[in-house]
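Take a look at the structures below.
You will see two complexes here that share subunit A, one where it goes with subunit B and one where it goes with subunit C.
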Partner chain A sequence: MAHGVIGSVNALIGGLFLLTSFAMVATRQVRGCLQQFVYQSILLAASALLIGGSSASWHLVAVGLITLITKPIVIPWLLRRTVPERIFTRREVALTINATASLLVALGLAVLSYFIARVLLAAAGAEFAAVNLPIGISGLLLGGYTLTVRREAVPQLIAILTMENSAFFAGIAIAPGLSIIAELAVAFDALVLAFVVGLLTRLIHERTGHTEVARLTELREEGER
Partner chain B sequence: MTARILYNVLQVLVVMVFAPLMAGTNARLKEIVQSKRGPSILQPYRDLWKLFHKDEVVSARASWIFRVTPYIAFVAPLFVAMLIPVLTSYPLFFAFMGDMLGGGFILALAGFFACLAAVDAGNPYGPMGASRTRMVSFLVEPVFMIVFFTVSFVAGSTIPYIVQQRWVASPADFFAPSHVLIVLAFLMIIIAETGRIPVDNPAGHFELAMIDESKSLEYSGRGAALMKWGGEMKAFVLMCIFLNVLVAPWGLAATTSVGAVLLAIPLVLLKMLGLIVVLVIVESSLAKLRLFRISEFLGAAFVTAVVAMIARLFAL
Partner chain C sequence: MILIAIIVIPIVAAAVAALDRRAAPGVTVAAALAAFALSVHVGLTVAAGGSASGIPGWIGADGLSALLLLLISFVGATGAVFSIGYMARTRAEGRLRGYYASYNLFLGSILAVPLLAELSMVWIAVELTTLFSVFLVGYAGDRPALEAAWKYAVLTLMGAAIALLGFLILFWGLRAAGGSAYTWDGVRSAAAGMPPALLGTAFLLILVGFGTKVGLVPLHTWLPDAHSQAPTPVCLLLSGVETSAVLYVILRLIPLAGGVHAGVWAQVFGLISVGAAAFLLLQVRDYKRLFAFSTVEHMGIIITAAGFGSAGAAYGAVYQLLAHAVTKSFAFLAAGLVLLAVGTREIERVRGLIRRSPLAGAAVLIGGLAIAGAPPFVVFLSEFSIMRAGIAAGDFLAVGLLALFVAIAFVGIMWHVARMAFGQPSEGMKPARLPVSARIAAAIAGIPVIVLGVYLPGPLHALLRLAAEALSR
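Let's look at the complex of A and B:
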């Protein structure tokens, strides 16, 4: 570790970040998923603040602050407001693959991403990238995997947001000088995404009484009901 | 040299003497969390005393395995106690007799005999509990291996004393992601191996739901006392490895003076009290998992350990 204390704290954050991604694969309850997402976003913000602070880039500090406000606070609040409470408290059993097998697949993905990151790191070795890049990539893959395995709308949304988090997590280490307007746009995008999907979920829930994506394949006329 | 042999014996005695105390503390704290008064923390000693003074009843059909098992269950943790740092931070006389894997194997041997004895006695609940224990322990085994190998990889040795020295020497590595995750995985293993709540309910008396307890149902008198004491010592030894090798390698005696070694006893007990508080919080805030959810719990432990390993192998 070149950076001593800051480096190892960042590495610790990375480890916990990876763990939340894994937890997201295996958590059954929707509320638990959301909770993991909140933890993950806080970890992302912490990493951004750390890297920003140590490389004196106020862009990253601003990104960290924006993340800290939007993701752990505003997005859960929005989802809580738009999505009916019943969806959060229900125990979601509908996993396409059971949790243990999912965890093993996820493990394979994580190992794979370390291999990929190795190649990438050889090309561009930034300071904190050794920790953030592989963990970001594996978070991305795990988010994609969660997206395919989950059948409910809200966990799928959370999986998309996780992928966005992970891409950020890798990005802040590779490109610390990214202009603030891009970061702002992405943060706003995530907000709008959460809002729209939340509203859609609410509508679907009102119409059909469930939010299982797999069961929404048939088209129905309005008058049929 | 004689001092090192004596301290080694002292270490074994400490494990023997204080294991029931820790079990009692654990039970008492749990009762307090549930806003009950609970028995005195000395209750396990009284139980042992009572059981040692009772007659033993052995089924006429039981074979020698049934008779031998309590002694194996009692002695195995004592052997492990010789190998691990309980009081001192320098290797004692028997330290190089076996490494962490050796310790794991010795504990597994005791578990193996306990299962055989449970089947031997012919109690219908015995084989059921034995098979469940096997299920839990074969899921725990790979996690144990990965935890030990990762830790050994960091320290360059599988001898617990050397691993412990390594953490004392470089506290910067203490917050490395691999170390934190290893600690987490090991905590989950301890919960599973000592039959604590998300996996097993030690306070339950319903035979159908038992995992760990049902193996010693058939024992009475001295046999029951030895099994009970052995179980308490096993928990003590596991907590010792967890604390002294992984989490808090400080507070052990660094010199060979008698005072330092004696001072280490209350420090170790204090650290263990902290760990017990954590375990009690975990136990009180979770519900017991259904039998087939246990594989998920241990799968999570496995994933945590493997993530720690790859983080170690690739990131540095």
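Let's look at the complex of A and C:
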């Protein structure tokens, strides 16, 4: 709004952020998914630094720096340590829904997010929210969608992490005043999440010889024979 | 100070358990009993009109929090005692340290949910309850257990991410209304001034997101898997209090979001859950899944009651929270006794339990009657008070459906349980002896199940009234 150039740069960051969310729906190789997550986290940090810098909020700058350390660096490192290397080179040949159809659904979700955000923005304006809110909501929905169509464990885990990223992409614009203790705790939480789910992936790999969690179907639902 | 100690004790116990295998069971029991003793103290103080000191703006306890503390720590203590003999029989000696360390962390994270007053910290506490219990659910390490753990982790963490956006939008609404402190008190006083679009969206995101973890239908699919695959002492916590602790967050928001029809949403989700659970109950073949579906049913009843919105219904809702925690944990304990005695979870293969293993048979029969809501057990009283409040508020359709579904669930539970307890003992069923610790745990857990139906102690009644006030508009 007021900050012309900064607003444009932030919009560019937002556009790229949305692009990573789309890419994650269609990227087949597990390593590629992780790479998209790294890009997305850097963009999240960049937006936080930009908004924090322009509004002289040291607090948002701190959030940006924490994000820059934990998400693009520590989480991939943790995953490389816990999950066997072979899994990262795997390609998901059979997606539950083919990539073209998935991208169409994703497009629909992004349009839907724009309308949801418009209703919220009409109720309470916030600087930068006009960009960050619709993209954050899209990222959240796309992450949820990615989670349901992916069959491999690591992409599902990354989908959850991108959902958190997206919530925060909206959060830095709509809730910049959140306490720094809460921000630190959430950053820590993301690390624990990556570690725990990564370790579970390793156990599943050791036990079953694969990490295609969609193939784990021993537990019967009621009414099945 | 006491409130801080309640969170710190399990963390310390987890550290000790992780270091010393021999001390682990004893330390876990001692820590859980200490947390329970402190919670009783907090409960008595709050019930008498006092307040427990914490950290203003971060940690505190009102009537509703104190009630939750009491329930969580009680179930945590019985589960800890039950763990001793039960886990010793799992033949996984090498991993027992990890089990007890996780148990303590899991208990600590559930206790933190009602204690924390700052809402973003509440979200983190709920997230940690999942992360600390994933390996407890998958403890058995075989394919079904790992599958259950995966479903549990992925679905509830996805729900938490959705709820996270809800919490951020709620904070936005707080600021838009001119509020500053992001605490339960701060949100309550600012709620009336929040833009309805923000408050409504935040509520729905949190209802759906945390509803996943509560087991509200159609987001419940992970729950019967996790609650049947986890070691039974963990099920006491999972089913008895973890679901309630997350539901507690939603319950606190319903009266705040009354202006955006939160009550209607709560009733819709609640009734769908009760109805679906009632019909699924009829089809189960595994008695732990039977009790898991009964949890979905109870969660649905509580959130429906909260949706009615009257003071009487709020009392019924917190009464049912109490009833659910004590009876469901006892029912799972009974399921654990049966599993120890006969070594199978299949209802078909358990017959004539009363004759073969009288303690396990009696426990499962009493547990079944109690969770199904037979008089004179406390679930009967709480469900009755909810329906009475619903009729008084004129919600005839909702009460009618509730009564129908509860009746179906009653028939379903009793049909399964009666087949297990009575009849001709199946061939080749040679019941094993039950460990002493399991007998002690059953006796402790059985006391409130028997007593609360006929006698409600004064301070507990006062606490329930205070807790209901927190849920009234």
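Just so it is clear, the second predicted complex is superposed on the first by the 216 of 225 C-alpha atoms of A that agree within 3 Å, B and C clash if a C-alpha of one lies under 4 Å from a C-alpha of the other, contacts with A are read in each partner's own complex, and residues count from 1 in each chain.
Convention: a residue touches a chain if its C-beta (ideal position, glycine included) is under 8 Å from a C-beta of that chain, and two chains touch if they have at least 3 such contacts.
Here the structure is a predicted model, which means the values were calculated and not measured.
With both structures placed on the common chain, the touch criterion links A:I180 to neither subunit B nor subunit C. Of the two partners subunit B and subunit C, more subunit A residues are in touch with C.
Of the two partner chains placed by superposition, only subunit C is touched by A:L216; subunit B is not. Judged by the touch definition given at the top, the superposed model places A:L104 against subunit B, while subunit C stays out of reach.
With both structures placed on the common chain, the touch criterion links A:L12 to subunit B but leaves subunit C unconnected. In the superposition on chain A, contact of A:A130 is made with subunit B only, not with subunit C. Touch criterion not met for A:I73: it reaches neither subunit B nor subunit C.
The interface of subunit A with subunit B does not overlap its interface with subunit C at any residue.
In the complex of the two chains, the subunit A residues touching subunit C come out as 116, 119-120, 122-124, 126, 136-137, 140, 143-144, 147, 153, 156-157, 159-160, 163-164, 166-168, 170-171, 174-175, 177-179, 181-182, 185-186, 189, 192-193, 196-197, 199-200, 203-204, 207-208, 213, 216-219, 221-223. Per the touch definition, subunit C reaches subunit A in the complex via residues 118, 120-121, 124, 127-128, 131, 134-135, 138, 141-144, 146-150, 153-154, 157-158, 161-162, 164-165, 168-169, 171-173, 175-176, 182, 195-198, 201, 221, 224-225, 229, 280, 283-284, 289.
Touching subunit B in their complex are the following residues of subunit A: 1, 4-5, 8-9, 11-12, 14-16, 18-19, 22-23, 26, 99-100, 103-104, 106-107, 110-111, 114, 117-118, 130-131, 134.
On the subunit B side of its complex with subunit A, the touching residues are 172-173, 175-178, 180-181, 184, 295-296, 299-300, 302-304, 306-308, 310-311, 313-316.
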